[in-house]
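The data blocks that follow each hold one structure.
Each of the next two complexes has subunit A plus one other chain: subunit B in the first, subunit C in the second.
Up next, the complex of A and B:
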């Protein structure tokens, strides 16, 4: 037995190579271009897939071990939360509206990411990129599923969550996140990675996750905090994939730089517009606030992002075109977005409200140059009207931007007193935009954006009524028919928080303790 | 000190989300599997056609010729969602790890006769690439299939196939080091024994219908391959001939095959049960791909079982046919 020869142990890198890249082969019974038909038409040139550095050398055995352990801990917390009626421990019932936005607008994006990465994970010719994408695909599925399980308990006790997936496919403002992700998924695999892994995960994800997760922590929502933490190690893998993929593509061929730059310009702006909803959540919807949108933008975008683009300059990449306008917007967009939802709250399945006195003070302090001057008077006026029993609900439909699909509510950069409108003609039809950047995205790819399912247009075309609706009958109420199509429970899911069932129930469950709500 | 335990019972307003509730019988709370799976996928009002497939919507049931009124009838009897899947696999991985510790601490792989080692490597190492094809195909089902009940387990299955490829790799490294991996790949590419099978695998890589792909990969090919190699060859033959160490460290594969067969059967059964047209279509695929898979595996059976080759593969085929019968598929 002493003659047993010890085989030389392979190092981590060659071992991982044997476990992944060694599995692949050049097909010959079927043409390689038929087996991998989708990774050339975007114009990205890859000369040597072997130069791809695997961002995390994780084999399936290790993956299962880490992830299994994390799931065990996470579900223990979710179970305990439900058993102990954790939903009663939150700061006040207004907080739940942040979760409503999350389950309506973010969780379905996790699902779309899962699907998009499955497509990339099948279709990159390079094995390293394929395996990394596949792992991200199941991670994203995990996020959709753990979010459904975490928020399930809230859905049992609060309104505005019970039809979340139905709403994602139909309700007007949810076409903003939906069209964002479908735009990425309908692109080729390289654009998908630049859009999601780089522009979204790497550049902007902190602006999404930090506000929601620290918002949850500050407002006593321990189950959301736990899934946030649990998702964090997945996210750091995803961010590593984002930076690896962009460097790899840029190093492969100088002709790739211009294509990638255009994608960065596009996806930075698309992502920034999408985050308007996070901005308003952060400034208006958290009863206990963490930091303002402006502060978050300065920390995560201006300083971190600034350093990143300095680093990418050596490849010939410059900061995205919309960068300066996005920085200029930090003083405004949260207020403009909240005002919009306050207006259209009859058609939105979550609650809005006017900030109370202490919150007005906080906003004034955080936005010294803009809040008191441009926005506070509006909210004060709304509050006055509400006190007199005249809560303002806007019942007309707004004009939408053809690209980002947000109502035209953003100001002209440098001129907060006027609204920014842009337009262009394409094949004798006029299209409208909220900004130069959304217009440019359209003109680069008009054949894609003319297809957009714009909720307001669809309503006017009669496509958002329940089947069998006859809009010609006398007394036809189009708004009621649309809410019917949305399956919004009128009076429960929508309207002002002050008059809501959520508020009434929560007060009862807490034994009559009243929160500081205006009016 | 007395503690007042009369906490007020708060009645829930509802049991679960609307897109889940319509799949839950009665007024019962939904299971975790149901909340993770049912109605999860977007279904309508898609904004743009895929630039890579403008004939279809992003999520489009018409990518398959199988017609189902509701793709969520394809339930997974294992009720896997990510958490239960990951925890189940982590547990199995623990078992594999203990087997390796046992085998390696006693030098059991090294103690195998050289001819047996060579046979093990000749039969198993090219299968790394078969499993890799299985990974790509299931990933593709996840990417183009319809309904989360069908696509989410396919994505788990894709990762499982990668796991299988890596377990085989690990075995090769433990027996002999990288040169057996290289030889296995060379055989896969050039050795006539493997060419019919390689053609089969490459042909599946270009199947466009996700359900046909499911049949060709998970039912016909793996339905014959796993019984032949991991049961007949490894558990029956090798164990008798001094190779039980190999059986120990590959037990994941036979366990996995049994477990996943329950899911694969359930998918076929539910889809075929919905209409005569589905049944004809699926049975046709099953028969055609099983015939091809049987031919492709014949040289492998020869390699692994020598004079018992014909009996082994015919046995595997008979088992698959009886499985088809149990799944309600039309007999050949």
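Up next, the complex of A and C:
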């Protein structure tokens, strides 16, 4: 009998070529432009898709094996955490509010990213970009799932997580992340990559993930740390996609530079505004703090970002227009954001509180130029009022920025005691903005942003009451109707931490022992 | 159209006057950032400006320790950042205030909690 000839195994590179680059073909029954309608309309010119570099050379079979192993480990940790009542090992129950913010405002973005990359992957004619987008699409879906599974253990014991998907589409502050991603998803596939892969994942993602994950580690939340680690290897692949895609687009045609620059200006600023909630989480919501927002900004944005834009200068790209204002804001935005949620905590399904004495000291030390002068007095006042049973809640709905949808809380650059007001007219209607950059994003594409679903305006239009509500009946309470529409459990999900069920329960579970909480 | 799209589609502005029971007016109190942002209120066009001061602002800003100290004779107003001298006896509309106008008031001598402009 003849010896069987063993088939020669392909090397890594040819194998990768065979399993990815052979996947595209020219359509013949239908015009290519009809099959791929989104490939050209943004004005980006691609002459040679084969120049697209795939730095990871990951094939789907390898992806499956690798991710499967990672997730086995993650689920073992999640199980152990649940069985050992890991939720009792966290620093104090205030920490859980960072997780509430995460499952309400960040995890749904993973799902949006899954959809966005699936769309981009479908519509590129270049096969390298298509495979990379499809793989990232699956990553994002996995991230949503692992986050939901990890945090579901906390949902059994704490309020403020039970309706996170419902809230994402309705609750006022969640329109900020929602509108951010819907803006990206309704751009073309190239804008989507510059928005999400480059501006968010490459430039800003460390500012999102590192604070949350090191925050989790410092506060004894090992299950969240584990999903962070599981996601981290994907994140580095996503960041690489971000930098590769921008270099590829810029190298393909000189006419692409101006388009890409405008997207960088827009998406850097939109991402920066979105990160305001991370800034406040870092400075106010972690009982055991990692580093201040200001320090994180200096490390991850100023030094890393500075080097990045120096590198991109050879393509004709300059730093984003909002860069200097963003750097100036590092001393302020966390305090301004926390004050906002403190004001409107009656309508937000997580808890806020005034920092205790030791925390005030830490903030004063980390923000020597601004905290004591501008922010500490109001928090001290709130604390005193609360002690007298007069916890301050703002009962009038705020004015919102038409672009970022955040209440108009940000200061005039260079003048921290004044609100920054900007406005413009479009077809005889006035529109208002929190900054020059949000205004410019609007004036570049007014038709897009006049359609914005601004929560405050929607409430006043009567669109945020439960179906069948009659606002004309005597004694109608509009705010109660809105909370009902949000499906917030009043007295459980909202209001100050000091008066919360979360605090009371956690203290009981811990046998009456508690960290120092104000007031 | 400035939007880059594959095909035309109807753009519907969400916040035109007709969609609200009354025009929206935005109001800010300078140097008092304890109230984190200016507020948004639907106010009938025929509301006298004096009523805004006498009846409405107290409900919005009354929780601030400076509010009771305001000397309304010294208060100055801005509309879209420009000096504005409202006539208290006339309505909002007669004072030239329309849908989505923004007005701010300054209260001389009052600089917020502990002088922090909050």
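Criterion: the second predicted complex is superposed on the first by the 508 of 519 C-alpha atoms of A that agree within 3 Å, B and C clash if a C-alpha of one lies under 4 Å from a C-alpha of the other, contacts with A are read in each partner's own complex, and residues count from 1 in each chain.
Simple rule for what comes next: contacts are C-beta pairs under 8 Å (C-beta built on N, C-alpha and C of every residue); 3 or more make two chains touch, one makes a residue touch a chain.
Here the structure is a predicted model, which is why all the values come from computation and not from measurement.
Enquirer: Superpose on subunit A as described above, then tell me if subunit B and subunit C fit or clash.
Expert: These partners fit in the superposed model.
Enquirer: For A:72, is the partner it touches subunit B (first), subunit C (second), both, or none of the two (neither)?
Expert: In the superposition, A:72 touches subunit B alone.
Enquirer: Which partner does A:254 reach: the first (subunit B), the second (subunit C), both, or neither?
Expert: neither
Enquirer: Of subunit B and subunit C, which one contacts the greater number of residues in subunit A?
Expert: Counted on subunit A, the partner with more touching residues turns out to be B.
Enquirer: Is A:375 touching the first partner subunit B, the second partner subunit C, both, or neither of them?
Expert: The second partner, subunit C, only.
Enquirer: Looking at A:444, would you say it contacts subunit B, subunit C, both, or neither? Reply first, second, both or neither.
Expert: Second partner only, subunit C.
Enquirer: Touching A:168, do we find subunit B (first), subunit C (second), both, or neither?
Expert: first
Enquirer: Considering only touches as defined above, state whether A:423 meets subunit B (first), subunit C (second), both or neither.
Expert: Second partner only, subunit C.
Enquirer: Given the touch rule stated above, what does A:343 touch, subunit B (first), subunit C (second), both, or neither?
Expert: Second partner only, subunit C.
Enquirer: Should A:466 be classified as contacting the first partner (subunit B), the second (subunit C), both, or neither?
Expert: It touches nothing on subunit B or subunit C.
Enquirer: Students often get this wrong, so check: with C-alpha centres, what angle lies at subunit A between subunit B and subunit C, to the nearest 10 degrees?
Expert: Once the structures are overlaid on A, subunit A sees subunit B and subunit C at 130 degrees.
Enquirer: Mind working out whether A:398 is in touch with subunit B, subunit C, both or neither, as first, second, both or neither?
Expert: A:398 sits against subunit C, while subunit B stays out of touch.
Enquirer: Closest Cα approach between subunit B and subunit C after superposing, in Å?
Expert: Checking C-alpha atoms only, subunit B sits 5 Å from subunit C at its nearest point.
Enquirer: So which bits of subunit A does subunit B touch that subunit C touches too?
Expert: The overlap between the subunit B and subunit C interfaces on subunit A comprises residues 37-38, 41, 188, 448, 451-453.
Enquirer: In the complex formed with subunit A, which residues of subunit B make contact?
Expert: Touch list, subunit B to subunit A: 7-8, 10, 12-19, 30, 32, 35-37, 39-52, 58-59, 81-83, 86-87, 89-94, 96-97, 107, 110, 128-129, 131-132, 135-136, 139-140, 142-144, 148, 151-152, 155-156, 158-160, 162-163, 165-167, 169-170, 173-174, 176-178, 181, 185, 188-189, 198-199, 202-203, 205-206.
Enquirer: Which of the residues in subunit C come into contact with subunit A in the complex?
Expert: By the definition above, subunit C touches subunit A via 1-6, 11-17, 19-21, 24, 26, 28, 30-31, 33-42, 59-60, 63, 65, 80-81, 99-102, 104, 112-118.
Enquirer: Any idea which subunit A residues touch subunit B in the complex?
Expert: 1, 4-5, 7-8, 10, 14-15, 18-20, 22-25, 27-30, 34-35, 37-38, 41, 59-61, 63-65, 67-69, 71-72, 74-75, 85, 88, 108, 111-112, 114-115, 118-119, 121-123, 130-131, 134-135, 137-138, 141-142, 144-146, 148-149, 152, 155-159, 161-166, 168-170, 175, 178-179, 182-183, 185-188, 448-449, 451-453, 458, 487, 505, 509, 511
Enquirer: Which part of subunit A faces subunit C closely enough to touch in the complex?
Expert: Against subunit C, the touching part of subunit A is residues 37-38, 41-43, 188, 336, 339-340, 342-344, 373-378, 381, 392, 394-400, 407-409, 416-419, 421, 423, 426-427, 429-432, 444-448, 450-454, 456-457, 460-462.
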